[in-house]
Each structure stands twice: as C-alpha cells, then as structure tokens.
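We call the chains A, B, C and D, going by the order they appear; numbering starts again at 1 in every chain.
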C-alpha cells in the first residue's frame, strides 16, 4: 500500500474510533436518567401511589441507597421511576407507603405539611398537620409550588421492617396520603428534605443528589 | 535501559557548570515549593483555631503526644545537621550520611508509632484534623527525602568501591565527583530546610 | 507623513468616537443595566455600574482605535515579497511614564470610588457577622430577617415576630432590612436580584447584608453558589409590600405555621443540626 | 543526528510492543488500580463509624486504586528504572530514548528530548482540550431549553465540573507544556531542560490525571464544578475522589513543570543570553513558572486535606466538627487566582513575542513588558479574596482586595502599551498568527474591562457568581489563552513539524472562531446582568432566546475548531508540504536552526550578542545563532 493510502486508512480508523468514543461518552451522560410514569386516573381525581424504602432492590446499581418508587395501589408492583406525569390544574391524590425508619430533619420547620389541600395530610388515616421533626423519615416536597409533606418513619421498635424494595404491605409501614392541586403545565422538581442518605456527609449525598432516588420531576401536562 | 546515543564528535558538550548550578538552584526552589505546601497547613491551623466553629477546635480531650513530638524533632535536627556536615566534609561523607539516613528513617518510624498511640482520632475537631493531616504529609515527604538521601549515600558508597569515573558519555559534562558534591549539597540543603519546616510544625502543633 | 500626524489623527478619531459613544453608554446603556432602581442598594449598584461604564468606554475605545488605525494604516502594502523592517523604536520613557501615571490615577480613582460606595451602605453585599458598612439607622433599628439556606430551598425566620419561619419572603416597603444569611449544610448564596442583595450562606456562619426597600415590588431569589444537584432549581419569588400588608401577612404566617414554630430551635445566628457527618 | 546508528535488524512487531512503553504502562496502570482497590477494600472495616460503608462505596479503595494505578502507569513507562539505579548508587545520567532512530516509538514512552515531550504535550493537551470542548457543547445543548432536560440534573453538573476542571487543569499547561518545553531551550541556547526526566514526568502525570478525571463518570460524577467547594464536595459520591485525584496530580505536575522551567532559565542560559536579552516569551514563562512553583503546592495541600476528610474522616472542611467551609475557599483561591494568571501570562508572552515579527519592529518597551509580567506575578498572590466579596469572609478587607485587584490592571496595561507601541509605524503583515494575536488583544481588552466590574465590590454584588463572571473569564482565558495558543500553533507548528499549515484554512478558522467567540460570550455578559447564575440546569423562560442564540454560536465555535482539525490533518498528515527553515523571516533564535531541528539542537552552545528583536537595524546583523552544521 502506498504511504498515502496507509495514512488514509489510519486517519479513517482514528476518526471512526474517535466518533465511537464520543458517542459512548455522550451516551454515558444520557444513561441513568430514570423514566417517567403516568399517574393512574381513578374517578375524578388522579391517584399517585408511591413507596419509600431504606434500600433499593438488590439488582439496582446502588442497592444500598434509599429510594422512592412508583407502586401499584396495593403495593405489589414496584417501578423505579421518579418522574411523575400529572394533569395540569387538577387535584392529585398521593398515597405514600413509607417503609423506612426515621432520620430526623435538619430544619424542623419542614415537619409541618404545607401546600396540600386543607393544609394537612392523612397519617395512617388520621388527619395530621405536623409531626415530631425527629420522627421524620422522608419528605415529599415540590418547592416550586410550596408543597411539602413530612413522612413519619417506621419506629425502631417495628417487628417486621422491610429492608429493601419491593415491599409488600405485609411489612411494617406508615401510610401517608394527601391531595394537592397541580400547577400549570411544565416541569417541576420534587425532592426529599430529610438527611436520609446514609453514609454521606450531612446525609445529603448519593441518593439525595441523584435524580432517580430521592429526587425527581413532576411533569405536568 | 539507557538507549540514548552518545554525542557525536562534532557536537561540543554544554558548559560543565550548568548541571551543578541547576542542582543548586533546584534545591532552593524546592524549598520554596515545600514552604508553600506546608503554609496551607499552617494557615489551616491558625484559621480553624481562630474561628473555632461550633466550639469544636478540640472535641473532648485532645493532647498531642509531646514525648514523641520532642523525639521526632530531635532526631530530625540531628539528621539534618549530620547530612549538612557530610556535604561539607567529603572524607567523612559516608558514615555521616549513613547516620543521617538512619535518623531520617527513624523520625518517620517514630511518627508512625505516635499515630498509633494518639489519644484522639482524626475526627476530634479542628486541631486533630490539622495534626493528622500535617504530620501525615510531613511524613510522606520525609520518606521522599529519605529516598533522596539514600541515593546520595549509595552514590558515595559505590564511588568509593568502584573508583571515580571521569566525564561520562550520557550528556553530563560534569564529572562524577563534582556531580556528587553538588547533589549532596542540594540534598542536604533541602533536607535542612525541610527539617526547619518540621521544627515549625512542632512549635505550632505541640507548643502553641 | 511623520509620527506626530499619525498620533494626532488617532487622538482625533478617539476624541470623536468617545464624545459620541460615552454619552450613549452612560445615558442609554447604563440605565437599562439591571438590577434596577427598586431599592437604595440596587440603585447604588446602577450608579456604580454607570461610572464604570462611563470610564471604561473611552479606555476601550482608545485601545481599539489605536489597534484599528495601526492595522489599517501601517499594514504592509509592499507585495513584492521583500521583507522590509519598520523603524527600530524600542520605547519612549516619556510615554511610558505618562501611561503609568494615567493608568495608576484611573485605578486609584476606581478603587477609591468603589470603597466610598461600599462603605456608604454596604451595597447589599454579604458582610459577615460584624458588618462594617450599615445604612444610617437614625430612624429606627432595621427589621431583622434570617435567611436559612438548605439543600435546596430558602426559608426565612423573623426573630421579631416570635421566631416564626416562613416558606416565602415578604418584607415591608421603605424599611431597612437586616438579612442574616446562614446555611444548614453546604455553601449557598442568597441572591435577591431586584433588591441588589447577594450574600453567601455558609454553614455555621452568619452573613449580614442590608437592604433599604423603596416602593413595593416583586423580586426573584436565586441561589448563586453551586450547592448540589438542585442548585439550578433553588429559586423563589419574594415581595416588597406596604407596611400594613406586611403586618397582616406576618400575623397570618404566625397563625399558619404555629405547629412548626413550636418545634423550631430557639433563634440563633447559626445552627449546627445533627448529624454533622453521616446521615442515616 | 546520532553518529552511531546501530544497524541491527528490527525485531518483529509484537516483540517491540513489550518493554517500557505506553502499552505496558496502561496494563500496569489498570493492574495497579485493581490492586489498590483491593487493598482499600481490606482496610475498610464497616464496624468503624469513620467509613461510609453504608454509601455502598469506599473512598479509600478508590484513592488507593488511583494511587497504585498512577504508580503502575509510571513504572510501565519506565520512570522507576532510573530511580532504582540511583538507589543502588549508580551515577546520574540525563538522557533517555533521545535517539532519532527510535522514530515514532519515542512518542509512546518516556523520552527526555524536550522536543519530543513538547509534541507529546501538544497531542495530549489537544485531546483533553477536545473533551473539554465537547463538554461545553453538551452544556450548551442542555441550556437550549429551560423546561426540558437532555441530561439529568446531576449529569449536567458533572459536565459543568468536567468542562471546568479539564480546561483549568489541563489547559494550564497548554502553552508551557508544548511551547515552553519546545522553545525555551532553543531560545536561551541550551540543549535540554535542567531536569529532563522531570520534564517527561510532568507530561505523563498530567495524562494520568486527565484519565482519572474522566473515570469520574463511572463513579457518579461530581456536582461541585471545578472549584470543588466544600463541604459540598465531601457530600459527593466517589466521583468527587476523581476530582480530588485529578487536581492533586495536576498540582504536582504544574509545580514540577514550573520548577523545571525556572531552573532551566535561571541556570542554563547560553553565554551572552543576559536577562535583558531573553525573548519576551521566556519572560512570560518565567513569571508563569514562579506562580506554578509556589501556588500549585497549596492546591495540592488543599486537595490532600479534602482527600483526608473523605477517607480518614478528618474535619478540615466540616463546619460542625471544627472545620470551616471558608478554609477551602481561602486555600482554593490562594491557588486559584494565581492559576488564572498562570493561564494568562503565557498568552502575554506569545502575543508580545509574535508582534515584533509581524510588525517588523523591535519589541517596544521591553523592560516595561517584563515589569508588567513580574508585577502581575507578584500582585496575583494578593487578590484572591475578590472571589469572596459577598461570602461574608473578612468583609473589612474588601477595600484592600478591591484595590489590589484593580492595581493588577496597571501591569496588565503595560502589556497593552507594549503591544500598541510595537504596532505603531510597523510594517504589519496580517498573517494567521498575527490575526490571532490581534484577536487576543481585542478579547483580552473586554476580559480586562469586565474584570474591573467584578473587582469593584459594589458592582460585584450583582455580577458575582453569574454568567457575567463566566463571560469575563472566558474572555480572558478562551479569548486570551486559547487565541494565543492558536497563534503559537500557526506560528511554530511549521517549524516544529517541518510541514506547512494551510493559510486559507487558518484564516477561515480565525474569522469563524473570532466572530463565533464574541457572539457566544458577549451575550453572556448580558445574561449575567439579567440574572442568570452560573451552573444552573434551568433558568427563567424569559432568558431562553438569548440562551438559544448563545448555544447556536457555541456550535459555530465547534465547527470552527473542526476547520482547524481538518487543516492539521490535511496539512500535516496528507499534504506534507515541506516548510522552509524560517517561514516568517523571524530573527528569533529557534528560526535560525534547520528544520526539522536536530536532536541535539545546537552543535555547540551558541553565543548571543543581542536580543532577538534586531528589526529595522541597518545593516541587519548576522543571525545570533550559528546554524547547526550537523545536517550539512
């Protein structure tokens, strides 16, 4: 082969490798973005069922991380997605099956529910406005619309705690439910405010800073 | 390993004093870099101490291991003095250098023992952090110095055994004796400076 | 053509350009440069920016005119390929001296002016726990508001009103506000854009910034220091309202947040909530 | 050049791959990483509260993995051979693998020829520059729309941090690495660097650092930006360990690079090359090297503290435990501001070095230019707290830092004065390098003036931490450093490689880059004033049109870079038109040597009797350097 031809081959080869590498590189950034789930419509209100667990499934890339899940009404089917698609300007009834123990809040102010219809929520069927900040296990908050609901932790004395997802309702849990009005169309983020990321400084690393665990989006359509 | 080509005949060597001067200048510049490195720890010490955020400069009982501190500093100073003497007295360089080397190594060993017998952990507040960080990196670079001193001592030893070779082919115009002298001077100067930094660390960590 | 002519022509072009551009910049561009006229501090920043714009326009023009003139006029036009050299000018002590004098004068003026402006009222910047420049407090003590940053929202505490903590910020008009900015976790920065206020929120540190409000207005609050994954979403909208509205608002807030207020720690300049190191 | 060409038969290809070279280095690097990771796993005992076992990751493992990996990499390259020989007392040597017989192989192993190291730097830095640029494109893609995300919020922040770290960490050496290593020995009349092995070491260490930074993707990235503020950094996943490891190695590499250059320039100037005859580029290198030598160790120290916080659980930056977030800010910016000038000063040097050549005039005001550079060097150690005007830290010192920061514009002004003086009445030839120098002047002017807004504490309240400051430092670094970097490439690459670069493509590259650059970063000033903070994944909808415009222009920058890449590949790999020894009729020493420059540069160390700017002197004095006769 001529010297020119050889160079051509090398350069073409190098270009191809570089293009593949760039594709892989961008792909690495694009992956691990969790999918979105539409909330179920039951009657006039939209229902959203969520579950919180102390650890994700053993097959998860981060099996030790706490996480939110989308669950079926009877907590049988668990889906690891944290973008919830909700209809705009309508009431959404959220039910959260809370399987995690308590961690306590950094800012006790968040122990009070705000932004829900009626300014309160149902804790195991009991209307509650605020909980003891030290008993909080997680918070479901959409700061952009002022929604914030503390989730009571399963007491340490629980006999049958769930260690990782999926958790059927037979395990000890707290059921929190509330209704809120969705805002206009757009993308809103939600997060947890309890320093629940075990093993990270201030409890706010890892799952607290990774969309797909204790953070996600509300996609209002 | 050395695959370099010897200089061709028509290529004249560079001035012989260049490499000697480079060693002289290099040692002094390394002193500057080392000083700035440990200045960060000095700054951290006084900064955290003066802020005393959350009254956590010392959490619980945090007392430096004074006995080890004094021991380490004495050993370090002795080592630096001996190595400096070695560079000034070529005839006694080998025994002096060997002793300095042993003492330098001893200082690191003492430091390691001191860590295992500390009454506090790294998390016991600002002082504990600075103590652990500062002594750890001091020991790491002291080990690097131990290596440097060892190369000098080993060169003296080998030259004594194999005799002096006149100018070498690999582009070093200065002869072995000159290079050895310059290398030992640079090494001993930096080691002396480094030990001075250690004395400052000792004053700050144990006495202030 | 001799040197003096060139120099005079550059000077002339620069003078003309500056005379046209500088007023345009000062009177047209600078007033529309935010953060606007909403508070004493933001108005002060606009004034400050105007001065900087006004000064930098002729300076920038001087350099640009000089470069353009040189490149156009002194461009090599000999296309024969011969490489001809210019005159071997190696410097001129007089010009260098004047350059030093002029630039030093401008710089000292700017530093002096900035210092005066800064010390007059603090310019809305965070000044740490012991502010050196506070607005004149002749009439009444400033309203103290604590801004608590955490990952990832701001909440606000009013020590003068039973230590109530609120989700949003409303402040009265025509009042000097003392913002005490602190953080519960990492570094944030409280940036109230239209108020002309920016103060970093540091964990375990109290950072005080002053603002003197004027008319009612709505302002945007954003976090201006990277604080983690939702840094970009850490924003809020605050309002400056009349004093009466503020009184009504704050009592309503006290009522609404009574349950949460009970569990709050006593008001303090800084907070060190547990756990410090590890969560879980 | 080498007189003794050993004519042995070449061993087969597979045999040549075995030995101390890049391939071995990569294998040993990976092996070292695995060993370190394994050892770290042994150390970690979940019973102690100190280690964050619950996080499902082990920082000690990661750090030890990086450490052992780097050591394995360096051993594979052959960096351990000489130290072991010295350990056994064998006398010092200076050269390794400098023989031209080794051909391209030299570029893939430890080679102490300063020209080879320079070319290695050029390729290596260019590679990471491309990654940094790619990150920028991805960032701008994300910012196309405030309400829908291409990347996850944490992936976006990782991109921002990668872009910043890549550019600030790797590009710091973008001029000192390739150009100073290549030019300084030729300009001052020595054949080599004072410590050639350290020279090679800085390069390979930097490459290891760059690879470590890229591995952050596999550990979850880091969400702190290039400033790595604590305690946010300590919250991060193991991805932040990559940031710490990267910057610590960059700090070490920069310290040694500065050390080596400074030692060379101080001790190895040829007879007659007095301080006042040094080419101005060398003065730029001197001032930069001083900053590198003294400021970088503090960065390394700060990062070591951060690494300790994450592994052995010290509390340097944990406010509730006796540490302070301010400590990191102070230590980082004590390094960080000199760092900013580390990337600006070489640009000054190149601009002032090239202007005389293309104005056909001596450098106007040589001494004041030197004073300007050294003044910047000195002052840059006293300005760092202007990054902290609103942080609440030492607020009473703000007037001082305002003054010191604005004072630094005086020595910077000297550089402009000298540029303007050199242009005056010259015979200006608008070649591609000259265009880039003029582009530098224009961009840096606006970078400098916007810097005054940021240095003015009242004005800084609004502009701090916004796109305004982002635009400012892109004007100084991209508009300043990168433009001079390209000026240097177009000016010296023909000399370094011996092949011509296409002038037409060069001009296309310049004009597209210049226009796209200003169209991109100019509006960012406005965006900053309009309230857009840095590093945000979303922004008010009202700012979308301007952001979209910026994104489109940023893509234009990328296209412009592709033109450059095409030019390099087409000209240097395919066309290969030989370049004459002195294409610019420069009177600088390096252009008096034959092309390509022989391995040993000079047959005999030259004697200088003038500075390198004897333009316009009649009759033109003979070249100050006798050409090497070896090729004759």
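Keep in mind that, in the parts below, a contact is a pair of C-beta atoms (placed from the backbone, for glycine too) under 8 Å apart; a residue touches a chain by one contact, two chains touch by 3 or more.
What you are looking at is a predicted structure, and each value in this text was computed from that prediction instead of being measured.
Chemist: Write down the chain pair with more C-beta contact pairs when A-D is set against B-C.
Modeler: A-D
Chemist: Just curious, how far off is subunit B from subunit A if you go by their C-alpha centres, in Å?
Modeler: Computed value for the inter-centroid distance: 53 Å.
Chemist: How big is the gap, in whole Å, between where the Cα atoms of subunit A centre and where those of subunit D centre?
Modeler: Spacing between the chain centres: roughly 41 Å.
Chemist: Go ahead and note the Å separation of the Cα centroids belonging to subunit B and subunit C.
Modeler: 47
Chemist: Calculate how many whole Å lie between the centre of subunit B and the centre of subunit D, each centre taken as the average of the chain's C-alpha atoms.
Modeler: One centre to the other, that is 29 Å.
Chemist: Mark out which residues of subunit C touch at least two other chains, giving numbers and ranges.
Modeler: If we look for residues of subunit C contacting two or more partner chains, we find 185-186, 204-205, 228-230, 233, 272, 274, 276-278, 280.
Chemist: Name the residues of subunit A that each touch 2 or more other chains.
Modeler: As it turns out, subunit A has residues touching two or more other chains at 189, 197-202, 204, 209-211, 215.
Chemist: Check each residue of subunit B and list the ones that touch at least two other chains.
Modeler: Correct list: 53-54, 123.
Chemist: How do the chains pair up in terms of touching? List each pair.
Modeler: Every pair of chains meeting the touch criterion: A-C, A-D, B-C, B-D, C-D.
Chemist: Considering the complex alone, what residue numbers of subunit C touch subunit A?
Modeler: My answer: residues 148, 150-153, 155, 165, 167-168, 184-186, 228-230, 233-234, 236, 256-257, 259-260, 263-265, 273-280.
Chemist: Using the touch rule from the top, collect the residues of subunit B that touch subunit C in their complex.
Modeler: Residue positions touching the partner: 53-54, 123.
Chemist: If we count contacts the way the header does, which residues on subunit B are in touch with subunit D in the complex?
Modeler: 1-12, 14-15, 18-19, 21-22, 24-26, 29-30, 32-34, 36-41, 43-44, 47-48, 51-54, 56-59, 121-130, 132-133, 136-137, 147, 150-151, 153-159, 165, 168, 170-172, 176, 179-180, 183
Chemist: Please give the residue numbers of subunit C that touch subunit D in the complex, ascending.
Modeler: Subunit C residues touching subunit D: 3, 6, 33-35, 41-42, 44-45, 48-49, 52, 56, 59-60, 63-64, 66-67, 70-71, 74-76, 78, 83-92, 95-96, 99-100, 103-104, 107, 110-111, 114-115, 117-119, 123-132, 181, 185-187, 189, 191, 193, 196-200, 202-209, 220, 222-233, 272, 274, 276-278, 280.
Chemist: Could you please specify the touching residues of subunit D with respect to subunit C in the complex?
Modeler: So the residues of subunit D in touch with subunit C come to 49, 52, 54, 153-154, 156-157, 223-225, 227, 229, 231-232, 235, 313, 315, 318-321, 324-326, 329, 359-368, 388-396, 398-399, 402-403, 406-407, 409-410, 413-414, 416-417, 420-421, 423-430, 438, 441-442, 445-446, 449, 452-453, 456-462, 464-466, 529-531, 533-540, 585, 614-617, 620.
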